[in-house]
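Shared between the two complexes below is subunit A, which has subunit B as its partner in the first and subunit C in the second.
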Partner chain A sequence: MPKIDLTMDVNGRKVVKQSEPHKRLLDFLREDLNLTGTKEGCGAGECGTCSVFVDGKLVKSCLMPAAKADGAKIETIEGLARPGSLTPVQQAFHKTGASQCGYCIPGMVMAATSALRENPDAGIEEIKERLGGNICRCTGYTKIFEAVEIARDVIAGRLPETALDEDATGESFIGANVRRLDAPSKVSGRLKYAADMKMVDMLQMQVLRAPMPHARIVSIDTSEAEAMEGVACVITSADVPGTDGFGVFVHDQPVMARGKVRHFGEAVAAVAAEDLITARRALAKIKVEYEELPGVYAPEDALVDGAPVIHDYAQDNVIKHIPIRKGDIAKGFAEADLILEDEFRTQQVEHAYLEPEAGIAYVDHDDVVTVLSPSQNITHHRHMLAEILALPINKVRFIMSPVGGGFGGKEDMIYQGMLALAAMKTHRPVQLNFTREESLVASAKRHPSRVRYKMGLKWSGEITAIEFDMLSDGGAYGMSSEGVMRKAAILSCGPYEVHNLKVDTKVVYTNNTPSGAFRTFGGMQAQFATESMMDMAAEALDMDPFELRRINMMRIGSRTHTQQELTTASLDRVLDAAEEASRWEAGAPKVRGPRRNDLGGPDTRKPCTLGARIGEPTDTQTKDERVAS
Partner chain B sequence: MNRKMRGRGMASSWYGIARTATIDRAGAWAELDDGGTAKIVTGVTEIGEGILTVLAQVAAEELGVRPEDVTIGDNDTSRSPEAAHAGATRQTYMIGNSVALASRDARAKLFAEIADHWDVPVDSLRAFNGELWAQDTNLRMSMDEAVKTCKGRGVVPVGSASFTAHGTGLDPVDGSGSPWQAYVFGTQIAEVEVDTWTGEVQVLGIWAAHDVGRAINPRGVEGQIEGGVVQGLGQALMEDYQTEKGYTTTHGFAKYILPTSLDIPQINCVIVEDPDPLSPLQAKGIGEPALVPTAPAIMNAIYDAIGVRIKSLPATPEKILDALRNHVPGREQIAQSARQDRAEAHRRGL
Partner chain C sequence: MLICESYHVPKTLEEALRLWAEAPDGSRLVSGATDILPWAREGRAGDVEIPALIDVTKIPELKGYSCDKGRIRLGAATVYQDFLTDRTLMTNLPCMPYCAIWFADDQIREQATVVGNLVNASPVADGTPPVVALNGEIELTRLEDGAVRRRSVPVADFIEGPGRTLIQPGEIATAVTVDSAYGYGGSFQKVGQRRSLVISVACCAALVRADSTGTVFEDVRLALGGVGPRPIRLRDAERRLKGERITQELIQRVAESAADSVGSRSRKEYRRDVVVNFVRAGLEEALANQPEIGAKFKNFGETENA
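And then the complex of A and B:
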């Protein structure tokens, strides 16, 4: 491939380099210049993690061909401050705790810097709009807003530089707002995530993924791909030396599809090659013959007699059913003055951590197969990989690299096995970095759920019985499904003491993208139903929703749904705190929004109308003044 | 009906801390190191929640050094003790307590030597912020000197510990059991504005009160609550990963809509501290629980604003408009007054 000559001013230094014509500015910065503070989050200009300045303008470097930046002045996160120092924006991010996983933070710091360069007096609404092209999945943005406002005021001289200092510590470090120790490396782009690391002689891996959701694999022919120049190895399930299967509870997922594919995007084969382009080209040379099978795409359909079977071991397609029984619901409903029945649904949700899956595997001098990746569970991954590789457990080593957001989505060992196999086959380091599209199709999601709910209450508000029935779509593999159903069942009827209940949570296999662990592990789906029912009950009983909850809440000595006696319980204080903080106007939830007097307080934001504020003379009060006013 | 309608809703929640319905455990090693610094080694790392800072605070407090003097080492199955996984709202509780106990173990080795060196009772020794002293005396030295003295006497002040949380499995028939030893509770209120022409919902305010046990780093707790609320808001209003007969139709972030800076309500956090009696730190956790009540609070607020109850997430503009279109004016009120009539009849009957 002919190379192109590029000349740029990068962070104040002249750079003259030959590069490949396909490279984006992002690739040129990361691969050719090792400026890995600029991250790739989506490759499509949607997330902003790759933001840099090109001739002073904020640009998403994944959307700009490197050749187009020829002759330009580039400023990256590494160029904002001298090594060992931080700009006021970076210091403010450190102070407020504006970085959590840190993966979006270099881009966010660039966007914030841009906002204050474009308008040093930008008000908070304008700042929010100028950060609108940068996604953060961890922080909820609130600490970021606070940081940008402090930085603005320090730069403008409205606040002293000491406003950037750490809060003072009293007589204990427990309960103190100690600044995050990892923040300086995150706000300056110095922290290396797995995709930022390079090893000598390292190969790049690419994965061939299933083009259909349910099919028998008739044959895989890798010979042409293996013969390609630059290809070091091709791996399939045939390369697995041990017991092929992983999963958080049931080990039902092979490292790569074995005999059949069960969901669209499942790994079928992988190539390790000298470079990414060669690996991608080699994928096209792998010939896979599929025989398409009828699939199951809705959890209700999975339970029908004669439904296609997805895993041989589970002829009924059920991954797990968790029952909880307490008291006598027939008696409880008979005692009820009011019975409400309803149905609730939640959707499939993506974790959308900004760091796509990435990892490196190598075999070390002691023949230890080593996998470095942002795994949320290196302990369990080591156990499973040892079985898969048929190695003693001390010959398998997992290193947890900095995690650019997890939320449960990085508990599943969906790619580490492939990396290990390729490293063992080549005895060279191998790296795999997912694209955002791959991450979306291959990683687990939050379980979609359907809850049928029946609640009986007395006119006094006391709940007499609950019948709770959840059906969840587990997708193609078990992953964390069993645990998610258990937690959903245990927490199902909410923080209320219910003497008579019947709870069933069930999760089934389908040919959809697998569901797995996601922050709350089923608790959110279950309690969405319960809390909706509670408000509907409060309306029917003409009762304030806080009051209804207080009547039924768990107290010290209450027995939970699983009949555990509580020795502590704080819902009483939490309800009081929330009611007071929000200035809640008591009343039954009977569409009283139009008549409420507690709306629009100083502790709410103004509604947002896009584009309305940029250019407006905005408030330049300092944050402290605004809080005081 | 005005074009823009506002309302409020609330929801409560509860959650268990650490692994569910099983024994949970975590191990850690601690060493008071040269220069009065400290090394902590445990098998789990930062996923963004701030655990490294929390562990440094805990180790500093227990060892008598400063958080910035603490180095937290390898999260590596071949180099560090097992601490299991980074999830289940278990990091502060499990790893935090194992680091506290390992630090106490290391401190005890140091204190024994210094007490002997000074000839004072060991329980008169205190250490904080890089200094060590014997109460009611003028004896005082830096932790740097203390470590030197300890090592000069032939002892390296190292410690190790394992912390256990005693959950039990569930009975397979009736589900009875004690899945966790620590529980947290939360309540959130949402204030929304619904645009009845476009169906868009904006969340203007969230009040989030959460029991977290003892808060090790209040600002970090707020960060977890704010992040959880915004993920809950995303699930409530916009996020939707879709497939069609198994084929993904949500290929990238252009289709998978996430909350951005313009979607963020003012989030008002209230930290309630109900200390855990069963663990040395008395902390519990907040990583996951903060997300639980957000979506139902928002749905309850939408109902308060426009009388439409969304029972299927997310409450997209399309769903809101559809519900408004198919909404019979006054239907809820009719149903409600019928219920009240029945209630009244019932009361009179008593």
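And then the complex of A and C:
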């Protein structure tokens, strides 16, 4: 491929480089200039992590060919402040705790900087609008908006520069606004995530993924790919030297599909090559013959007699069943004045952390296989990988790189094994950076669930019995499913004392994308059912929903669903605080009619509107005049 | 990913036309590039290897805009952000700022061009309805016997269907010419899967000018996007409003009749509901947005927007 010459002014320095014609400005900055503060979160212009200034205008560098920026003046996160210092925007982000995982933050700082350059007096609505092209998954944006407003006022002189300093702490750090130690590295773009790191002689890995959800692998022919110039190795499950299998509870998942694929997008083979393009071209040369198998796509179908079996060890497709029994539900329902029954469903959810999965593996001088990745569970990964590689534990090392958002989604070892195998096969460092699409297709999701609920109550509001039956879709592999079911069972009936209950949480294999850990770990699905039931019960009993909860809440001395006696309990105070903060209009649900007065208060979020800047022209040079007719 | 063998940056229109006419099959023009790069990804076209990209952003003739005889010629390099920063464009094309603010985000608006949006011919392109409402004509330029030749085609005819236009091999869309609608109130209604950074499921552009007393529709322009393979100009609705007294009842009646213009095969009932609400809300907002004349009619402002 012929090279092209690119000349740019980057952060005030003239840069002349030969590059490839296909590179995006993002690639040129990150790969050719090592300016890795500019991140790639999606590669499709959705997330804003790659925002840079080109001739003074903020653009998404993943949507700009590098050659289009030839001759332009480029400003990246690294160029905003002199080394060792931070701009007021960066300082304000540091102060308010706006950076959490930090991966969106360089882009956010750039968007905030652009907003205040375009309109130094931008109000909060315009600030929100101008940050609308940037996604953050950690903060909920509040701390980011707060930072931009502080920075705006400091720059305008309405606030003293000391407003950017850390708040004074009194005798205790509790309740004080303490700055994060790692924030300066994040607001300045200096923190290196796994995809930002480079090693000498490093190869790039790409993964061939299953094009169908359930199939027997008849054959894999990698010979043509292996023969390609620039390809260092191709790996399949045949390269695994030890006991192939990982998982948080049951080790049912091979490093790459072994014998059959169980979900769309499952890794089948991987290539390590001199560069990304060669690796991608080599993937197209791998020939895999599949024999499609009937699949299971709904958890109910997995339990039917004669359903396709997804894992040989689990002929009934059940990953885990957690039962809890307390008291006597027959007696409890017999005592009830009112019995309510309903069904609740929740859907699959992607974590969508801004940092797609990435990692590097290498074999060090002492033959230690080393994997660097944003793993949320490195010790467990290390133990599993030692078994998979048939190596003693002291020859396997995991390094946890900064996690650009995890939320549970990086607990599973879905790619580290492939990296280790390629490093061992080539004795060269190997890097794999997922695309966003790959992250969506291959990473675990929140468990979709169905809860069948039966609740018995007395007219007084007292719950006499609950029958709670949850069926969850575990997808193709076990991952964290067992723990998620355990947590869902423990939390099932909520923070309410129920003397008679029967709880079953069950998770089954299907050919859907595997389900795994996700914030609340099963609690959300259970609470959605329980709290919905409580509101519906309040309606049926003509009772204030807070009141119903107070009647049933766990107190000191209560026994939990799993029969633990509580020595502390705080739900009474939680309910009081929530009632006050929400300006709750007391009374049974039906007393309000169509309008309620406790909605739309000053601290509630309004629906999205756009156009705060229309009518406030930023271009004051041209006059408001009619064109010649 | 998008892989190209060569990347050309012509400095003149003639050079660009020559390169384009001679480019090997599969080559593409690049202006905003905000669609071609996401297109070459998993789930859409996947990895794409093409012989050449021809970047037209450095051609002086395609930059800026000019005004003549009540028409505005927007060069092909005009980006969506221009409708939010350039006072002349904002006041003469009063539906465009509202279209632009709902179009992608600030970063993408700095790159994405109106002309590129039209040539892409997506049935849900945000730019098409307002340009059609402004009687837009696209300028297509080619080389013929070494000379630069231009032709103009109404945008409403130019877009034949999803991704299909009247552009011929060797032609480059160099401008779009639209009416100046100075003094009109403008509006743009849009709904997608979410509020921010989203592709339309349906959209509607409206332009309205009342008479000096603010009681009679003097001129009305309405166009829909996302409800059929091509953009739709609501000529019949416009005729029924023009010259009539502005009343809530008339607006509602005309809005309801617009539902029949929905030609989409998917979510048809939903789109019919949306179109009725969008035509009504678009007319009401455009009336309210008139710079000089306040619309006077009973009940105005009491109905809720879609």
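Here, the second predicted complex is superposed on the first by the 598 of 629 C-alpha atoms of A that agree within 3 Å, B and C clash if a C-alpha of one lies under 4 Å from a C-alpha of the other, contacts with A are read in each partner's own complex, and residues count from 1 in each chain.
Everything below uses one rule, namely that a contact is a pair of C-beta atoms (placed from the backbone, for glycine too) under 8 Å apart; a residue touches a chain by one contact, two chains touch by 3 or more.
The shown structure was predicted, so the numbers you read here are calculated from the model rather than taken from an experiment.
Of the two partner chains placed by the overlay, subunit B and subunit C both lie in contact with A:E46. When subunit B and subunit C are set side by side, the one touching more residues of subunit A is B.
In the superposition on chain A, A:R24 makes contact with subunit C only, while subunit B stays out of contact range.
Of the two partner chains, neither subunit B nor subunit C is touched by A:T464.
In the superposed model, A:A489 lies in contact with subunit B only, and not with subunit C. By the touch criterion defined above, A:P65 reaches subunit C but does not reach subunit B.
Contact with neither subunit B nor subunit C is seen for A:Q206 once the two complexes are overlaid on the shared chain. By the document's definition of touching, of the two partners only subunit B reaches A:F398; subunit C does not. When the two complexes are overlaid on their common chain A, residue A:T113 makes contact with neither subunit B nor subunit C.
Within the superposed three-chain model, A:K57 lies in touch with subunit C and out of touch with subunit B [touch as defined at top]. Where the contact sets of subunit A with subunit B and with subunit C meet, they give residues 44, 46, 129, 132-134, 437, 441, 607-608, 610. Put simply, subunit A touches subunit C in their complex at residues 1-2, 4, 21-22, 24, 43-46, 48, 51, 57-60, 62-65, 67-68, 70, 111, 114, 129-130, 132-134, 276-277, 280, 284, 435, 437-438, 441, 607-608, 610-611, 613-614, 617-620, 622-629.
Only residues 1-7, 9, 30, 32-34, 37-38, 41-43, 47, 53, 55, 57, 67-70, 72, 81, 84-88, 90-92, 97-98, 101-102, 104-108, 110-111, 180, 182-183, 195-197 of subunit C touch subunit A when the two sit together in their complex.
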